[in-house]
Amino acid sequence: MTKFDAVVNVLLKPGISDPQGQTIERALPALGYEGVQGVRVGKHIELSVEASSEEEAYARIQEMCERLLANPVIESYEVTVS
Amino acid sequence: MTKFDAVVNVLLKPGISDPQGQTIERALPALGYEGVQGVRVGKHIELSVEASSEEEAYARIQEMCERLLANPVIESYEVTVS
Amino acid sequence: MIHRDLGLTDEEYKAIQDRLGRDPSYTELAMYSVMWSEHCSYKSSRVHLRNLPTEGPHILVGPGEGAGIIEVAPGKAVAFKIESHNHPSFVEPVNGAATGVGGIVRDILSMGARPIALLDSLRFGPLDEARTRYLVDGVVHGISSYGNSIGVPTVGGEVVFEDCYAENPLVNVACLGVIDTKLMNGKATGPGNAVILIGSSTGRDGIGGASVLASAEFDDESHEKRPSVQVGDPFTEKLLIEACLELIREDLLVGFQDLGAGGISCPISEMTAKAGTGMTVRLDAVHLREPQMEPFEIMISESQERMMAVVEPGNVQRVLDICKKWGLHAGVVGRVDDGDAVKVVDGAGETIADVPAVSLADEGPVYERPYERPGWIDEIQAADPGDKEPPDLAQAFLDVLASPNVADKSWVWEQYDHMIFLGTVQGPGGDAAVIRLPDSDVAVAITADGHGRYCYLDPYEGARSAVVEAALNVACTGARPLAVTNCLNFGNPEKPDVMWQFAQAVEGIGDACKALGTPVTGGNVSFYNETSGRPIFPTPVIGMIGVLDRPDAAVGSALSGDGDVLLLLGDTDPADLGGSEFASRVHGVIAGRPPKVDLADARDMIDLLVEVAGSLSSAHDCSHGGVAISLAESAIAGGRGFDCDLPADHRFLFSESPARVVVSCAPDNARQVAEAAEKRGVTVQQIGTVGGTELRFGGFTVSLENAKHVAAHSLADALAGPTIAS
Amino acid sequence: MNPRVGVVVFPGSNCDLDAQKAFRDLGADVVSVWHDEETLPEVDVVVLPGGFAHGDYLRTGAIARFSPIMDAVRSFADAGGLLIGICNGFQILCEAGLLPGALRKNAGLKFLCKWVDLRVENASTPFTNAASPGDVLRIPINHFEGNWYAEPDVLDELKANDQIVLRYVDNPNGSLDDVAGICNPERNVFGLMPHPERACEALLGSTDGAVILRSILASSPSLVSAP
């Protein structure tokens, strides 16, 4: 068993409005930041898992995402294992 | 002016307790996921900025993080521009 | 000079050496530094606080314990207490405010009470600054996320905006609890009993919070102090509440105390000092969040969401089992000893600290800090109070109504669960909140009020006014005011003028509480509210609790019956514009003398309100903005206008003469109310009738629609602007 | 025999006592069920109450839906038992797939505790049959994540099946199609964001919530089958 570090980023699916991102985007010009667009806010999760291979680690985290870390109705996610 | 895509990940600083991460970590074994450790939960922000160079884009986002996107008192952040 | 880094003076260090007959170890020194800090020892305030009245027939427990205990009905006791979290909220508003809620809730819990209501008293700088908006947003979010999650309703409070709080906001939170089954005490009795630490693990967060954060003023180096901010964990706090109440219900605890400022050092020394016992604590038994913590770090870490219990050996397993059921960590970390020493032992069995418990808990320094009436106070009192006639009376009215200090605060309180427990008979938006205690027919009224502006102009008068306003807010609901808790927010006590403000304010509170028969059951002192040498206005905040005969007898502030008669009770002095909302809002002036309260009049007014409550449709005191604003607020709340015949004189309309109330009642009741008032020597004026869709003041008229819009939107609009963290 | 109501308590639930009181005041026998149990006691109705199960950390309801009791709750519902999720309970039901859709943060990004008006869209469910279609009920909301969302085809299906039980008259949180409460196709599982248990006493501002609680009790097998 080896320990793998992983990162999971979860975002609202494209097409689902993201009020957090919109609020930030709207506030920026007044603070002197022009030209910022497409702000989207999601979750960044770091964790480490034990697995016998990188593939296995990836597969396990993928499954955790499906079941727990993201809600597939509204969210999409991205897993990186290192 | 060019448009640069950027990603900002914000996490609580090491040493600051992360109740969310701890709660998820405690819940995982009951779901059949043993051996998961060091869960930390933060924010994942995607955005695009206009700037004349990648360096400038980076510097502007860095400043936005300090002032707006993160609270440097408890959070650290990481900016990637592409 | 390590003791200086820890905030101890050379004299204090010498006192420790003398007491121990040797040099303290580093861990011991750290323990003294937190226990002898201003925050834990009240070293600058104690000599003054001694003069407050603390006894009364209803007071079961006065100051000195986790919270005061008041008997509100035969066999029904409540715990009530207020705390500040000013500095942490400035540094990190969300978590600073959240952990402030957590701390006061554990104070209440430590008495064996279930926390059932919160009040938040907030003060910020001007709203046109992005940084202020960031603080408001964060503080409200912090209180909301924590209070809502632990399931304790936030039922009232105040929000004030004033330039002096820009760099030093005030976040005071009061909590009300009801004794669940048994009143607990914080005593480590019974040598041989186990000491159990329950709740979160202990980390490096909040180290030195007591000595550094709360007890020294901010300066430009405060960045370095920042890591001592903690993140609140309301989920663990909720489990802690339920688990601990279950432990108390099963009668498993001998002694019980929360961990707040001072970390573990605080309960181990206070519980033993109170019981006349000793205690040994094993460091390796403390559940740590981080590896390799230094002994001193473990002893003073202020990690949140922890409680300490003293348990008979035979009950230890049961206690651990119940904690486990709730998913909480709990472990035996020590035992009660004969003797009087607090001992700390490391994993190797080596003694790291061994000091007399009372030396930490009770023998801290007591200072009689010099104080002196400052010269500037005469100048400011003699200056123009801002009482000139405004160009347009109707416009002046709308300006005052739109002041964020006056306007509708629902932007804030809609973010708070203010209904859970099915007891909120009157929530935020009126005078005091009225709460029916769970499983009972007993209702209490609670409020928190301060008046920094008046206190700045005259701390003695201002403090008296705050007590009277709080009592009137309670009495307007028909409740009889019973007891007070107070949070004293001041600048640097080492400055004679700040110390003078403090002494004056405490005297004012004492005099008012004596006159009103509402003893002080506890509170909190927050000094060093200064940034770069500029102190805040002296700001005592008064938490007041009263009791009603029946929950359904509560009187609201909203006009409720067309055709009702409007009566103004109390005397109006047109000169009472010093420090008023009118002067500040219309003329930009904070000067002159604040209104002077006649305590006997205030007492008569309270007795009158309690007596005639059954005959009233509404009651609302005149505070910020005077009778004009009081009328408008009642009209907006009730969704109906009025027709009054008031003098077209700004000095009458906006005067803030104290101890005045606008009541409405059915015409048939008017005679009786007036007679009751006359009997008590309270001036009554019939000023108009309820009804219509306009606010007809006599000299001018504003539509209800317009007034409502102005009041409802000014705060929300001002807060809609962008926010910035730093 | 009185109807029997089981109120599930998750770590972090906080409206469980209120739900118990409201049902008890209307004549039900109430038991509380700890989330760690694997079986339900004999009950007619199961309530998943409001609160912050597991702190709502990660996502509302995300962890709670894995509690041991949830298998029994699912079987109870599969067998036709009456199951209601209030606020956090609704969020848990959605996470568990017992009701469709998901609850996002309120559009205004603020927690909201206030009175709202709800229109009864379907009065022929066991949860609303004491009301008439079109009735407006005044009941408080108390949530940060009440902004319901479902894919367009799911929404169409819900509409076609009359599964939208309550709509906001004045949408406070951005919820899709003003949805405040929905049921499953079989009409025995119901989730809503507002808190009917908070509106069962005139002293607290409204008794409209009791319309929902009374519907449930009147539909419970113990009463229905009583002679």
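Just so it is clear, A, B, C and D label the chains in written order, and each chain counts residues from 1 on its own.
Convention: a contact is a pair of C-beta atoms (placed from the backbone, for glycine too) under 8 Å apart; a residue touches a chain by one contact, two chains touch by 3 or more.
Note that the coordinates shown come from a computational prediction; the quantities given were computed from them, not determined experimentally.
Student: Out of C-D and B-D, which chain pair has the most contact pairs?
Tutor: The greater number of contacts lies at C-D.
Student: Using mean CA coordinates as chain centres, what's the gap between chain B and chain D in Å?
Tutor: Taking the mean C-alpha position of each chain, the two centres sit 35 Å apart.
Student: If you average the CA atoms of chain A and of chain B, how many Å lie between those two points?
Tutor: 10
Student: So what's the Cα centroid distance for chain A and chain D, whole Å?
Tutor: 30
Student: In chain B, what residues contact two or more other chains?
Tutor: 19, 23-24, 27, 31, 41, 67-68
Student: Which residues belonging to chain D are in contact with no fewer than two other chains?
Tutor: Chain D, residues with two or more chain partners: 54-55, 57-58, 63, 66.
Student: Can you pull out the residues of chain C that are in contact with at least two other chains?
Tutor: 233, 235-236, 327, 723-724
Student: In graph terms, nodes being chains and edges touches, is this line, ring, star, complete or other?
Tutor: complete
Student: Flag every residue of chain A that touches chain D in the complex, lowest number first.
Tutor: Residue list for chain A touching chain D: 12, 16-17, 19-20, 23, 43, 68-69, 71, 73-74.
Student: For the complex, which residues does chain A have touching chain C?
Tutor: Per the stated touch rule, the residues are 27-28, 30-31.
Student: Quick check: in the complex, which residue numbers of chain D touch chain A?
Tutor: So the residues of chain D in touch with chain A come to 58-59, 62-63, 66, 94-95, 101-102, 104-105, 107-109, 149-151, 174.
Student: Given the complex with chain D, which residues does chain B contribute to the contact?
Tutor: Spelled out, the residues of chain B in touch with chain D are 19-20, 23-24, 27, 30-31, 41.
Student: Under the stated contact criterion, what part of chain D meets chain C in this complex?
Tutor: The touching residues are 11-12, 14-15, 17-18, 21-22, 36, 51-52, 54-57, 110-114, 140, 142, 144, 195, 197-198, 200-201, 203-204.
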